[in-house]
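The data blocks that follow each hold one structure.
Paired with chain B in one complex and with chain C in the other, chain A is shared by the two complexes that follow.
On to the complex of A and B.
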């Protein structure tokens, strides 16, 4: 039971981290970057290659963040910058970008799942359940990032300016905020973050190109259940979904985790469409 | 004399000219399908036959995606799940119940329809990403679902084996026979798809895509229309699944992956998301690439992903549309649509004896309406009446609550307190679609004219909600459908003639000039035979000539019995037109009365008429009823 809870928190931390990445671009550029999970996976693959080359761990993280930032910026330039207004075009282009990245990672690193061994994993006994040290790091990272960005968005001028942009691009532009620049910075920052956490996520999931889309979808559900645009919501949604999935797998059987997540998602859609902590919805979602 | 001209035009263009082409297209389609269906007898080899069947299956899948993506403006990523539902239901039937491909195809379609409804009902409440993810997630669930259902039913992760060779009405089908069956099924569905999108339903869906306000103001429910398109779009996927079960006589979970969703979407993008016949090209292309890259699926991913990016950016008409645009650059003359739009304005038809058919005007009374947005008070106890057969003008400075008032009347905003009633009925608690169905029509400050419709269809769309035609009558093009369609197009034509706009009727509505679009909107609001017409700054952006024309039409409309409510800045127009003027200031009624009284009201004069009266914005110079200009 406790071990299951730990497992739930561990996968939940990954969903939270994905949801946080979505929120960064959503609340600044107004675009949900469906390819974000692919960037995380690229970070994991960079770690695999870095380890093979014998790079030190700090260098691996820096390299992963750098690659993530470059890929995300390139994506912004190609798939987001020229988006026509309305029509849900971003769905198509970012799903397209995600598909390209999945294919490209499979071409570069192959189809098989690769282990990411940054440091030796010895399960710890905590509160009567066993948990991998890496999972603890991920849980802490998700909490720290989520809480930190939540306060950044709600307490700082830059955070508020970017929120304003997401809600009303035109008037923000008139107020002298450079929205083009904001969009690029948001993608680069979220890409760097995605690359940075990639090696850690890869230690849990292994590095494999085809898991990205599952993470992308679960991350969206976490984002949505918590409340679109809210980093605090991302924490609640991500960990909530992770725990529900783990417990359903434990109590109902190994195939029921996804059903439980789907049921919760549909229930929230029907009962509380703005999400658990959400107050209003971004127009684009 | 002009009446005679109208008669011949109507006979020539809208009615008679249509009948023959429709009959010819149908016949042509039957011939094409028949010829393709017998190609195996003409020596098409087995390998190619299989590719053609797979392409036909892809065509079915793409048409389903197009219905949702192109016509409802929502992304359906759940096509593989719908396809799987059809395949497993079909396969199970063939093994355990009845081996008949017709039954299998129908059952497969219905199974997919069920998936469409289950995912569409919650997913479409918000649409956009939410629907995409809900439908995507069902695809992820496929392996788990197969694990959960006992293995002796659907074969678990191994797959369903032992599907018998296809039979039709108790007779075994040869491979040529099965080929022909697939082609005929695809051909029939394709005709159904075409008849759905090229119809009033298709028009309604285009209106739904034109933002949140237009469809409800015409009495159309966005949610219901989108759900309909999405759910109907699931049917061909299920049919395709049942066909696939008979083709390979084995179904495994690995056939229903997210990759398939991407492939189908790419084909839809290539064809153009609102395309009809290009779907075949898109499907064939994707099928071709798949055969080439079956060993290197990753190349396929990169190619299709890149296609999605390009297609998403080029959006308007998919890659086929890009080609068309290029073609236009090369051969500009042939493709330029009637340059007449810049030509001279038509002469107004001033048949003084013309009258609109009687409009069932009703008394509109607004009683003590308050509206607050958060803390801001937009309307603070507004009361007025607008009588049938009269033109009531709402005037007042910017921010005085005029448009808010209109939005409350037609149900876009709920009132904070107070009531709005139409005749005997209270309409202030109704959703806007229902208010529209009570006979309240309106125009918008910025004209909302949907993309993809001709002007005459835009006008006729005012009529869509008032006469509903069952989907089946639309698909089969039963005489009932034809009658409704013909009569609404004739009425639309009649209104356009009266407004002097019939020269534009075959042009795309959204390509017309601002003034013309305003008049088209007015025409659309009249097409529904409304009780109340709400006009939001209908004269702004019109030239003098157009304003005179507008005034004439509005007089006819009120004479026909409708209750006309006009929000207007142009006081000269109000003075010449309105029977009653309500002056709003800071969310309250400052005064009301006939225009002659209002223009002498000291407060009104001081606050907004002043010396600028008649000079700001568009102005009306001289119409018969205009008295000498105020000093």
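On to the complex of A and C.
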């Protein structure tokens, strides 16, 4: 059972990282970026290219983050910037961006799966279960980033300004905050994060353009289960879904994982639509 | 904000479904058998988990079509190969096919999907419209000539293609077999096939696990299989993405000490590019001789243009997928030549009793035959024309594999 629990935490960490990425643009620019999982996969493919070029690992991560930031910024300029505010048309255009990025990734790197071999993957025995070293890194990364961004959003001036922008763009502008700049920074930061974690996610899933939609949907469920806008909620939702999926697969059978996840998702939407740690009250900033 | 986002997100999800439906429209204009063209519509997943396999098969089809056209086409008609993206989804495959037929133009040949699920979904419509079809899908449910008289398989059925596994179970004296297969039609067929092979060779299937081809992690499946204490594990997966996750899960679950035998979906892949050395140790796969460098010199001349096209394509697989597409197109061309007709009914009639000459098929250089009772290749011998080799292989020139 412990190995299954580790597997659940490992996949849960990926869902958490996707949900965290959604939250960054959501709480800063008010945009749920459905193309975020594609940027993560681009990071994985950049790592494949970096390895082929013989780049050191640290350079691969920097390059992946840089490419992720550039792609996300370009997405903000093309698919988000010029849309009217307030009607959430970005949800549709970012889905379009996701389709474009999937196609572009397949054109550049091919539509096959490629192994991301950053470092040797020899399973570790921890607490009576087997787990890949990369999974441990992903779990720690999800926890550190989630907690760190939670405090950043609630304790720093920039974080509070971002929340204010997401809540009321016009009022924020009247207070002298450059909201366009905020939006660009939000997309660039989320893109850099997506690119940065991409190589690690790719080590688990292989680098393949078509896994992005699966990650995007599960990340979306994690986001809503935990509570939209809450990084703490992303951690709870992501890891919770990963563990439920793995344990349902183990105890009920391998075809029950998705059923269990969607059953929990539905139950949360019915019982607590604001998510586990979300609030019905509008945020005051 | 959250309320608006929630409502908008729901709209967005509905839009995803809408976009998917919209993108099911043909990527190419509807084909027509006019002006001396023999139109081939490949309804396969250019996107989705089977995209890599689809790209390989279409490369083989196009390479064969180029050669056929150079030699004068099929009954003087130029072969035109078009690809319609079904996103590796049976529902989308049916939509594509129905749209194509409703446009008023009937293709001469349909390459009906990569997976058995896609093929099975399209077969009733293809049969109703008397359209000749071919595919590499291998589920036994496809091989029913009385129900699907216009469809032919280009790969052996699982029963024939995996016969070598039964022989291995017997020679290695395995008694307990665990299966890890996909939760679709092909997985169900593999379960039946390997269970039969195991039983006939003195072994028993002690556990059967299924996985979702779109899943992220398959560790639990291997862990459940290990709990049954098998002597050997059989698994299969279409495409490198799924195979990569299967092997990664095998290593994570600590299942590398149990021998693993892969199926046809895994056998044509460059495994060392998608899995670690640890994950593919103690593992074997059934392969055709044409896939192995120097495996069959008699095929060298036939393979030359295909190998060149595969190498030039930049695809990271092997010649396996292109080889299947290559055979599919050439088998149909041979039927047209023999029938002296390009009518689907005439060619199906000829195919139903066709025997390929020596050196015509890259998969079966010694020849194979169809019959009125089986529309899948039949060969002599007990191994289905395949050999079991180690998974630890290296791909040479992005084409052939070399056993380490």
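Here, the second predicted complex is superposed on the first by the 275 of 285 C-alpha atoms of A that agree within 3 Å, B and C clash if a C-alpha of one lies under 4 Å from a C-alpha of the other, contacts with A are read in each partner's own complex, and residues count from 1 in each chain.
Definition applied: a residue touches a chain if its C-beta (ideal position, glycine included) is under 8 Å from a C-beta of that chain, and two chains touch if they have at least 3 such contacts.
Small disclaimer: the values here were computed from a predicted structure and weren't measured.
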item: Fit or clash between chain C and chain B when superposed on chain A; value: clash
item: More chain A residues in contact [chain B versus chain C]; value: C
item: Which superposed partner A:270 touches (first chain B, second chain C, both, neither); value: first
item: Which superposed partner A:100 touches (first chain B, second chain C, both, neither); value: first
item: Chain B versus chain C as contact partner of A:206, first or second or both or neither; value: second
item: Partner chain in contact with A:78 - chain B first, chain C second, else both or neither; value: first
item: First, second, both or neither for A:215, with chain B first and chain C second; value: second
item: Partner chain(s) touched by A:148 [first = chain B, second = chain C, both, neither]; value: neither
item: Which superposed partner A:255 touches (first chain B, second chain C, both, neither); value: both
item: First (chain B), second (chain C), both or neither touched by A:14; value: second
item: Chain B versus chain C as contact partner of A:246, first or second or both or neither; value: second
item: Chain C clash site on chain B (candidates 73-81, 235-243 or 487-495); value: 73-81
item: Those residues of chain A which chain B touches in one complex and chain C touches in the other; value: 32, 86-88, 91-92, 95-96, 99, 102-103, 106, 111, 214, 220, 224, 255, 258, 273
item: Contacting residues of chain A [partner chain B, same complex]; value: 32, 78-79, 82-84, 86-93, 95-104, 106-107, 111, 213-214, 217, 220-221, 224, 255-256, 258-259, 262, 265-266, 269-270, 273, 281, 284-285
item: Chain A contact footprint on chain B (complex, rising order); value: 73-75, 77, 122-123, 125-126, 128-130, 132-134, 136-138, 140-141, 144, 147-148, 209, 211, 258, 262, 265, 269, 297-309, 311-313, 315-316
item: Footprint of chain C on chain A - complex, ascending; value: 3-4, 6-7, 10-11, 14, 26, 30, 32, 34, 86-88, 91-92, 95-96, 99, 102-103, 106, 110-115, 117, 120-123, 130-132, 135, 166-167, 204-206, 208-211, 214-215, 218, 220, 224, 228-229, 246, 249-250, 253-255, 257-258, 273-274, 278, 282-283
item: Contact footprint of chain A on chain C as seen in their complex; value: 1-2, 4-6, 8-9, 11-12, 15-16, 19, 23, 46-49, 51-52, 55, 183, 209-212, 214-217, 219-221, 223-224, 239-241, 243-245, 248-249, 251-254, 273-276, 278, 314-317
